[in-house]
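Have a look at these structures, which come just after this line.
In the two complexes below, subunit A is the common chain; its partner is subunit B in one and subunit C in the other.
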Partner chain A sequence: MSSALPPLAAAGPILVAAILLALGHHLPRRSADIVAVLTALAVVGLGVLMATRTGNGALLHWFGGWSPRDGLPIGIAFQADLAGSAMVALVGLLFAASFVFAWGFFEEVGVQFHVLMLVFMAAMCGFCLTRDLFNLFVWFEVMSVAAFALTAYRLEASALEGALNFTVTNSLGSLMMLAGIGLLYARLGRLDMLALGEEAARAAGDPVIPGAFCLLAAALLIKGATVPFHLWLADAHAVAPSPVSMVFSGAMVAMGVFGLARLTWTIFAPVAEVTAALHAVILWLGAAAAVLGGMLCLGQRHVKRMLAFSTVSHTGILLMGVALLSAEGLAGTLAYLVGHGLVKGALFALAGVLMARLGGIDEIGLRGRGREIWPAGLAFAAGGLLLAGLPVGLMEEGTKLLDAAAGSEPYPWVILAVPIGAGLTGAAVLRATGRIFLGWGEVKGEEEHAPSEDEAEKANRPLPLMLAPVVAMLLLAALLPAHLAAEVAQHAATGMMQPGITPASVSGGEVPQHLPLGLLGLGLALLIAGWHLGRSRLPTLLSEGVEAVSAPVFAGLERLHSGLIGDELAWILAGLALLSLGIWFA
Partner chain B sequence: MSPRARGILATLAALALAPGALAVLRAMPAFGDHPLPYGDAVNRIAPAERIVSNMVTAVNFDLRGFDTLGEEVMLLAAVVGTVVVLRGSRGEGVGDRPATCGDRPIPPRSEAVVLLCRIIAPLTLLYGLYVVLHAQLTPGGGFQGGAIIGSGLLLVWVGEGYNAWRRLVPGVVLHALEGGGAGLYALMGFGAMLTGAAFLTNVLPLGEWGSILSGGVIPVVNFGVGLAVSGAFGMLFLEFLEETREPKDGEEP
Partner chain C sequence: MSALPWLVALWLFAIGFYGMMTSRHYVHLIGCLSVMQSGTYVLLLAAGFRWGAGPPIFSDHPPGTPAVDPVVQALVLTDIVVGAAVTALLLALALQLHKRRGTLDPEELKPMRR
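Moving on, here comes the complex of A and B:
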């Protein structure tokens, strides 16, 4: 169905950004803040409106009116399906929250922050809606360029290092993506993704297509921060200003997963080698990311770095749903993605509250100092519980769908990575809540002092203004009616999967057995958080025994995250090799 | 990781990648033997339906014009990002004035350099404008011409010095060029939608073959790109050329 709505999501914010930049010096103070919030809210409205109109099929828009000639696509199309429209709404929501949270935060650079953020938002919307592979790359790249500058904004040594690692690794990802697109275009002569899918189905056995998949997948997995492509993420997300980290962890990382799902289901689903490799390698990479990310998260005391690793863990979970290659798995990923984006955005905003109000971000250094801002503590605890798997809302629905999808796997227990990852990350956040806001979990000795100097952010905003978007996001993630979420997610997933190119059946016909994954994760989180906070009261033998076993493991994991750019690139190469081995052996 | 471990990991990974890469390379089409359905289609469509003689421009600004909006925005984001990063520590307030370091020596320019720059800078700017305006006819276009205009601005700096350059080319104007250029592009897209057509549809009269006004919307959006690129390069130079370098030891002010 042809529609005029899809281009507005990308071109609208661009026009606003251009006008802001051109007139920036003549606008009254705060007007940029207001315009930015309104634009983001308009994008939310547009996403919802498009989603409600996808009932009779996706909304199609051929730019410039260049619809295909004689079956050959010559122009670019936006195709807003339910999943893409919902992503647009999520992106708009996260940016609106971030703009409200950042009210007046970036005064020094005038309108430039808003220009960058609006362009960033437009790029994400374009990325979710486009049907053209090269256009996808354009938005991918705009996203990266805006993100690099936003990371480096504070211009301290750590911010510059983090931004540089981010820039180098993600630029390598862009190069790989461009190379992959080049291979596909050279072989199939199309850039329209649906046309590419048709051509790919005809070109069975051609090694170029799986080769292109390796490169494209590696690029998207770098963006999606999957083990072992993830090393840049903690460096970048931890140093970016909090309002920026909100959209990084809430939306940008999810773009990698969403992009992979999009490419899989429009181009590569009919290529048996690719789906086999996706299932064999990426499912287990996702599980590994969920568990390792959770362990790394638990090992941090810098709250933003902790949240960054929890993003690695949860993105791993999202990726598992894509790699399960079924409608239920994809639906689980989509529901979980939205829920996680909202919760993680709220948690990064709360980390920003700590930096603005308490002038620090070190969990142990801030012990007990959060009592004066107790409402933030309540929100922090709620975020931790939701991450761990509190059985309400979007993440719970997503988990259920993932569980159902994994029931027909040859190794259904792989799904246990979900509660482990969720439990470990939830434990870390709950532990931080207990320490900072309740003063529990005293640490004796030299560890009591923060290893680095205090990091503070500008405290020029009232607490209620900072907490309002947090509360809104948490409520939305927790209280959205479950059956509605599940139904929409399943519609969105089937809409993303192009008819006629469904891969081999995955359902064995049995009713899959449901595990209470949410409760498992929650139990694990409470257990670990309780252990950490109450360790000083436990018998020394027990406490030190566990410490002696676990400490070297955590220290070893931490040592791998050296922040050295050479290490990060070597691991990316190793990940690419793993994907390619998966193609040849799966 | 130690450099040794890193080397081993990278070597192993490269070895594991080698067979796959070789298989892809061997399956590539032979040199010169390349069916390009898209290129053929463009060669058929663009001259007939858009009256332009530069096919690259037809693809960039019409057939796939939406990509170019994204690319223009990418450049804009890169430059705004650079400004944010470089200016972040100094603050927006000083952005309007040239920053200088009091004790820093600024060697006087030789008269030959000044004369040369005064001759070639206007010529370069003029040539840049020519390249921008003839996008749909001859090789070139907004991106290339904008970059040439940017180098013309740099010649003004070489000849006149930083302070004079800042007076001639105010930052506010550069921002207006950048934003205005991108805005013009997006507005042309929305303008087409107002007539009921798709975004960026070529709704203007197409003109005559070989005319500087041929191509309908193409020269307009291309001019927008030219504006944005010249503004962007000017802004980059403005931020990078700030004379805030500390004097070196032994350097006389």
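Moving on, here comes the complex of A and C:
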């Protein structure tokens, strides 16, 4: 169905950004804030509107009227299916929340923050809606460049170094992506993704196509911060200003997973080598990311770093749903993605509240100092419980769908990575809540290891204004009716799978059986958080025994994250080699 | 089509990656990134090249005469623009970092983090 709506989602914010940049100096104070919030809300509206209109098939727009001639696509199209539209709505929502949260935060840089953020938002919308592979790359690049500039905004040593490593690793991803696109175009002669899918089905057995997939997947996994491509993430997310971190963790990382799902289901599904590699390698990478990310998250005391590693963990979970290669798995990923985006956005905003109100971000240094801002503590605890798998809302529904999808796997227990990852990250957030807001969990002799750099953010905003978007996001993530969410997610997933492209079969499992995950994640989270907070009251023998076993593991994991750019690149190369091996043996 | 451009692209990719991994200076590292980027351009141009074909400009010869693929050239041009923006941003970041820390060696920058 032809429609003029999809291009608006990308063009609108860019136009507003251009106008803001041109008129910036003449506008009254705060007007940029108002314009930005309204634009983001308009994008939410547009996303919802497009979603409601996708009932009779995706909305299609050929730019400049260059529609296919004789079945040969010669132009560039935007195609809004239900999943893409929902992503647009999520992106708009996160940006609206971020703009409200950042009200007046960026006064001294004038409108530049808003301009960058609006371009960032437009790039994400374009990324979700485009049907052209090279166009996808262009939006990917625009997204990256805006993100690089936003990370380095504070121009402090740590922010600069985090931004440099972020830029280098992600630029490397971009050029891998371009090389992959070049290879695909060389073999198949198309850039339209649907046409590429048809051609790929015809060119079965061509070894270059799986090679191109390797490069494209590596690029998207770098953006999606999957083990072992994830090392840039913790530094970048920890040093970016909080309103920017909200969007990074909530939406940008998810874009990597969404892009991989999009490419898998439009281009690569008929290529047996690729589906086998997805199933053999990426499923396990996702599971590893979920567990390792959770452990790393638990090992942090810098709250923003902790949340960043929790993003690694949850992105691993999202990736598992894509690699399960079924409608239910994809639906689970989509539902989980939206839920996680909202919760993580809220948690990063709360970390920003800590930095603005308490002038610090070190969990141990802030112990007990959060009592004066107790409403933030309630929200923090709610976020932690939702991450851990409180049986309400979107994330729970996503977990259920993932569990069902894994039931037909040869190794259904791989799904245990979901409650373990969720439990570990939830435990870390609950532990931080207990320490900061209740003063529990005293740690002796640890204060001198506190991060040295001054981590305060501007405290020029009233607390209710900062908490309003947090509460809105948490409520939305928790209270959306479960059956509705599941139904929409399944529609979105089947809409993403192109008709006529059936995935090569991957598993011989006949009897789908669910593992009863139930409250495993939540229980694990409460147990670990309770352990950390109450350790000083337990018998010394017990607490020190566990410490002796676990401390070297956590220290070793932390040592791997040296923050050296050379190490990060070496791990990326290792990941690329792993993907290639997976395809080689598949 | 000969294998030479593909080998050149692969070589540039590999040597650039090696340079980045072992780099002890951020400006050198950014240069290596540009080398890798050039590898991608060679790959793209090789994908669109045809022996005996002219440039894809039809002002002085009739449409329909063999021409190399203009699409990949457009792709390369687009990426050169983006690449220039990223390199400029990277160099600006490196400059600011040098102003604050007095060094651009990743190993020496390490101790102050966290």
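Note that the second predicted complex is superposed on the first by the 565 of 586 C-alpha atoms of A that agree within 3 Å, B and C clash if a C-alpha of one lies under 4 Å from a C-alpha of the other, contacts with A are read in each partner's own complex, and residues count from 1 in each chain.
Please note the rule applied: contacts are C-beta pairs under 8 Å (C-beta built on N, C-alpha and C of every residue); 3 or more make two chains touch, one makes a residue touch a chain.
No experiment lies behind these values; they were computed from the predicted model shown.
Undergrad: Examine A:138 and indicate which partner it touches, taking first as subunit B and second as subunit C; both and neither are also allowed.
TA: The answer is both, since A:138 touches subunit B and subunit C.
Undergrad: Quick check on the superposed pair: does A:178 touch subunit B, subunit C, both, or neither? Answer first, second, both or neither.
TA: After superposition on chain A, A:178 lies in contact with subunit C alone.
Undergrad: If you stack the two complexes on chain A, which partner ends up touching A:128: first (subunit B), second (subunit C), both, or neither?
TA: neither
Undergrad: Does subunit B (first) or subunit C (second) touch A:25, or do both, or does neither?
TA: First partner only.
Undergrad: When both complexes are superposed, which of subunit B and subunit C contacts more residues belonging to subunit A?
TA: For subunit A, the partner with the higher number of touched residues is B.
Undergrad: Applying the touch criterion given at the start, work out whether A:570 contacts subunit B, subunit C, both or neither, answering first, second, both or neither.
TA: Both partners, subunit B and subunit C.
Undergrad: Mind working out whether A:353 is in touch with subunit B, subunit C, both or neither, as first, second, both or neither?
TA: Neither partner.
Undergrad: Please work out whether A:164 is in contact with subunit B alone, subunit C alone, both, or neither, and reply first, second, both or neither.
TA: Only subunit C; A:164 stays clear of subunit B.
Undergrad: After the superposition on A, what does A:113 contact: first (subunit B), second (subunit C), both or neither?
TA: first
Undergrad: Is A:150 touching anything from subunit B or subunit C once the two structures are fitted on A? First, second, both or neither.
TA: Touch partner of A:150: subunit B, not subunit C.
Undergrad: Where on subunit A do the contacts from subunit B and from subunit C line up?
TA: 134, 138, 141-142, 145, 148-149, 152, 155, 183, 186, 191, 562, 564, 566, 569-570, 573.
Undergrad: Can you list the subunit B residues touching subunit A in their complex?
TA: Of all residues in subunit B, those touching subunit A are 1, 3, 6, 9-10, 12-14, 16-17, 19-21, 23-24, 26-29, 34-38, 41-42, 45, 62-67, 69-71, 73-74, 76-78, 80-85, 87-89, 91-92, 95, 172, 175-176, 178-183, 186-187, 189-190, 192-193, 197-202.
Undergrad: Tell me, which parts of subunit A touch subunit B in their complex?
TA: By the definition above, subunit A touches subunit B via 4, 7, 10-11, 14-15, 17-25, 61-66, 69, 72, 74-76, 107-110, 112-113, 115-116, 119-120, 122-123, 126, 132, 134-135, 138-139, 141-142, 145-146, 148-150, 152-155, 183, 186-187, 189-191, 206-208, 210-211, 214, 560, 562, 564, 566-567, 569-571, 573-574, 576-578, 580-581, 583-584.
Undergrad: Which of the residues in subunit A end up touching subunit C in this complex?
TA: The contact residues of subunit A facing subunit C are 134, 138, 141-142, 144-145, 148-149, 152, 155-158, 160-161, 163-164, 167-168, 171-172, 174-175, 178-179, 181-183, 185-186, 191, 235, 302, 451-453, 562-566, 569-570, 573.
Undergrad: Enumerate the contact residues on subunit C facing subunit A in the complex.
TA: 9, 13, 17, 20-23, 26, 29-30, 33, 36-37, 39-40, 43-44, 46-48, 71-72, 75, 78-79, 82, 85-86, 89-90, 93-94, 96-97, 100-101, 106-107, 109-110, 112-114
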